[in-house]
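Shared between the two complexes below is chain A, which pairs with chain B and chain C, respectively.
Take a look at the complex of A and B:
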């Protein structure tokens, strides 16, 4: 009976092999890691301080100032490096916060269904009724200028999409046959939610969160650009781009922080896209099998 | 006392636009301990809805289900009552009925956790025992479902339901998604399990050949209602309802006798809008006036058989006109 021969077990670290098949994931992870290292070791890496106005203003890029200097005589490279300490940790933190809130709301809606679901989802619809940047601007403006309030505003804007995704997944996974089987085995619904439903929801949510990191950085930069986020003289990419637009003849002032935003956003997008496949044990196994 | 008794169960579904679809229209069925009952019928006749209602996954609109004499209550958010856990269901598709993110052993342990039949220390031993019972190596407990083939997964699903020490398992097309050799292996496994564990099985299938080989009794369902029930062999030899006759006549015989299956003309009518009178009359070769106006009840005939047909008066079996079941070769 050949049917009794068990298939070869998935090799250890099969996710690592699978990710090697996805060059975009590797590129994304490399860029993201590089930026995280830069953020952590910014004082060691940056050639100058981020606030020191000690140089001739508006120098074009040279060996001394690779990214040039800004209108106040600050080194743009150092400011871009220090800027990563603002955008990246805040983006990570607020995506974690927004996804946690969204997951809890979505899981409650999907678990209780009926009236609870209706009420929560109408609340979510309310948030979706406004364009995110407008809503974030309004919330940030009401809370007052400042990085912390801008981050809070982004959380307010970001959580509803998690709630909606999680609710839909909890509903569909909750109706799946393996959950019904577990229920027939005597598993109470709440236990099935944590043991059978939520683990199967986690993959898509992690993907969404990774993609959302890019959105968060963009939104934070946007708010800073509009003057609602980081306040001068703090080095933040969005506000640096905003400054740069006022001095168009000194292109380096806005271009390099803009490139920093671009690379981080791109990296997290690549990561998110690839994670979608790698995180799923079925596709990960299949792709490493194809490779063998 | 029957192990499982389905009494006049009606299952309605809300259709889009406010209408209702009557998937099961008052079906009756019994499964005795250790008995294998086949439930056959075309796709869309309500077999799966009946299976779900039988285990409490769907609340019947009317009628009731009794398991070992106690009524089956529909599933709520709370844990299923202990006494009901011994009534189990195996789904058709072994790819969607196992959690892709939990190891096989852990999923097999669910019922052991809920029932507390085995002390905590002995659970992994019991899980291995169950896996070997369905003919897989015990190491399968450490694997994830995607590492197994369809046939292996269906064995795992059966092992999982066995963990509940069931007295009745409802199998909803358990063989439909498997290839022929896996079907045969699994069919034999089911018969062995039923014998060894005195397990009542309600085997829902549209594969008549398998039902004929392993079922002790058969119920034929058409458009939400039983049209004929009886012991398997006599029912196959002399079907008493034109629909059973047509179903059996549509099975090919790969035995070289030149018997050609006869297709039943027409489609299953829309259950939202069933025909008047006898539900089968638009497709029935023996239809007469009364069939178009009056719905025949399921009446007991001789030898433990029942049929719902105006040609079958209560009491004595009457062969159908015509000789349409020629070529049916029965095991001696």
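Take a look at the complex of A and C:
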């Protein structure tokens, strides 16, 4: 019976060719990969420990300490390197979690429609009613300070956008012939959702997730900056910038972790934008036209 | 059709007249502005819960309350050794410093014109005692009564040689009894529950509540507090500024503001930050030993923590700390605190008596405690910076010190108000704290003995240490300075030996004022007495 089903896969793309057309994607991917490598091999790359208070405090950048030392005599470069082990993995995990929750909720709402859709989307509207940073601050403040709670706060903030996007896509995919066919053939709802519907909405979700990586890192750093995320003495970029604000006269303390946030956020934004161009049939078509 | 030159120029006339009028008005406006009283801006890292003088007991509140509420005594500039009468015309101490008679000035009135009499003094001081707030201990054991419209008598069971210094504290500020009563205030024995005037006193509506040179104009414990001049001020020296603004600013912002501002004061800069102002003629920088003392405490109550109440654990903490490295977070000018009494007060310990790090002893004590590597949480106010030293930095330094010896210390920072609540309730197991003098006398530091204010917060009730309590009792009745010095030093040596407190350091007090200010000096009681500051 399966021969009745229409092709389920999205059109294939030539990644290398697409990358050539998308130099920003290459730049973004290079920076992001570099940071991921730094995070994985931090103990091997960092010249010193992130917590070792063994140097003269507040030394300006030099050959011994490329990013200088902080107010407690810790090497800022080492702390920036170790900081990547907090921000990047947590952001990846959070986005995976938020997108999973959002996809499931959105798919259920879009597939079943009616009352289920109404109830789930009103719940999503509730979350959208608050500015993300405020909602994240409220959740983090209620749960208490700490990285885990800050991470949870970001998931709470992030999943509704996936739910809304996926719901819209599922609504349109749900009207397609292959899904209708599957329904007519009596395929169980769960199977139809996961086998027929969700794979066809993966593209936009991947784009959203990539862009959301940047948002998650910014939110996590923001919460830590406000004292709600990572707690001292953990090396985390947001809390390092916050420390730097206590010592403006030692500019390097806040500048380098700030630059780390800047580069990684920029990289994921480049990557996300480029992925959108590649995966979105409309912009992909436009790109092909331009090439021709 | 061409216009004649005259007709063409005619329309320019009203335009020129309008421009001239605008210019004249602008010039007039500029003149008016320059002749108005300037604004004094005080940048301070806020620690304030209320401005109700009988409830307030925080540094930022002292700046505000000193300006709004007159006290019986005050200080001249930075001379804390000699309290001078403010509301008092004359006074005498009799019966071995157990009875004090104060004759009040008869020309004093509140900002609403009502005269200030002995009834207001009795009401205010009894309200302070009976509200039983944080500053209530200042007048513990003192009875206050009125003997005539302008005579106040205070009696104490024990000699109270420090009373005049206490009566300079802003918490003893005199409020308008009629007005405060009308807004829910009471000085009755049940004032701790019955008094509801705090909210009123925290609003500009309380304009007639004080007799000081300024009145409350705007109040926020998070952003800024503004004061307006008291138009009916009774004193000969009228308020020097049209507005006084006390702003909540972190130290780095204070550093930027004071360099570009005028009539501006920065209180919380660190010594390192002050060094960047060297050679700047726009500002005047003064460095002096701070009266603040940073210290750690371990709660002695086993029900709060079985770990921190362990005496061996306490000994291990005492000798594990690298006091010299702790000084590095405060920059030049900071000194190790040998005891709880700061170096400039009677009874302070010399540097030779300061505890020195002894890692061997610390490790042995830690092993003997049986605590092993059980985690213990060090709590600190994460948003507070004193003398340019952030508590967060200090806490990380202490943690690194202790971890290097084998402790397992976790850090937990919280907003100052949350931290204060837990600390004051005596529920904190291990804390990083600080103490500023309520009055410049060593008697203030008896609070660290068993059963007293801070002792109780560290789970150290009365009866915990008979020897220290006996010395504390003796200190209260001893009046000769030499004998007092000896007793207070003995108390501190014994506290250092077996108390739950660990004095860390006295940071450097940096005080920066723009050069266009007169009498802008640091005063350890009020931080800055804005009533004495005036534009040059």
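Annotations
Note that the second predicted complex is superposed on the first by the 244 of 292 C-alpha atoms of A that agree within 3 Å, B and C clash if a C-alpha of one lies under 4 Å from a C-alpha of the other, contacts with A are read in each partner's own complex, and residues count from 1 in each chain.
To be clear about the criterion, a contact is a pair of C-beta atoms (placed from the backbone, for glycine too) under 8 Å apart; a residue touches a chain by one contact, two chains touch by 3 or more.
What you see is a predicted model, and the numbers here were worked out from it, not measured in a lab.
Of the two partner chains, chain C is the only one touched by A:249; chain B is not. When the two complexes are overlaid on their common chain A, residue A:187 makes contact with chain B while staying clear of chain C.
In the superposition on chain A, A:195 makes contact with chain B only, not with chain C. Touch criterion not met for A:236: it reaches neither chain B nor chain C. When the two complexes are overlaid on their common chain A, residue A:178 makes contact with chain B while staying clear of chain C.
More chain A residues lie in contact with B than with the other chain of the pair chain B and chain C. Looking at chain A, you'll find no residue that touches chain B in one structure and chain C in the other.
Within the complex, the chain A residues that touch chain B are 1, 3-4, 6-7, 9-10, 176-190, 195-196, 199-200, 281-282, 285. In the complex of the two chains, the chain B residues touching chain A come out as 55, 57, 75-80, 82, 85, 88-89, 91, 93, 96-102, 107, 110-111, 113-115, 135-137, 139-140, 143-144, 146-149, 151-152, 157, 160-161, 163-164, 181-182, 185.
Interface residues of chain C facing chain A in the complex, by the touch rule stated above, are 250-252, 255-256, 272-273, 276, 325, 328-329, 382-383, 385, 390, 392-393, 395-397, 399-400, 411-414. Taken in their complex, chain A has these residues touching chain C: 51, 53, 57-58, 71-73, 145, 227, 231-233, 243, 245-249.
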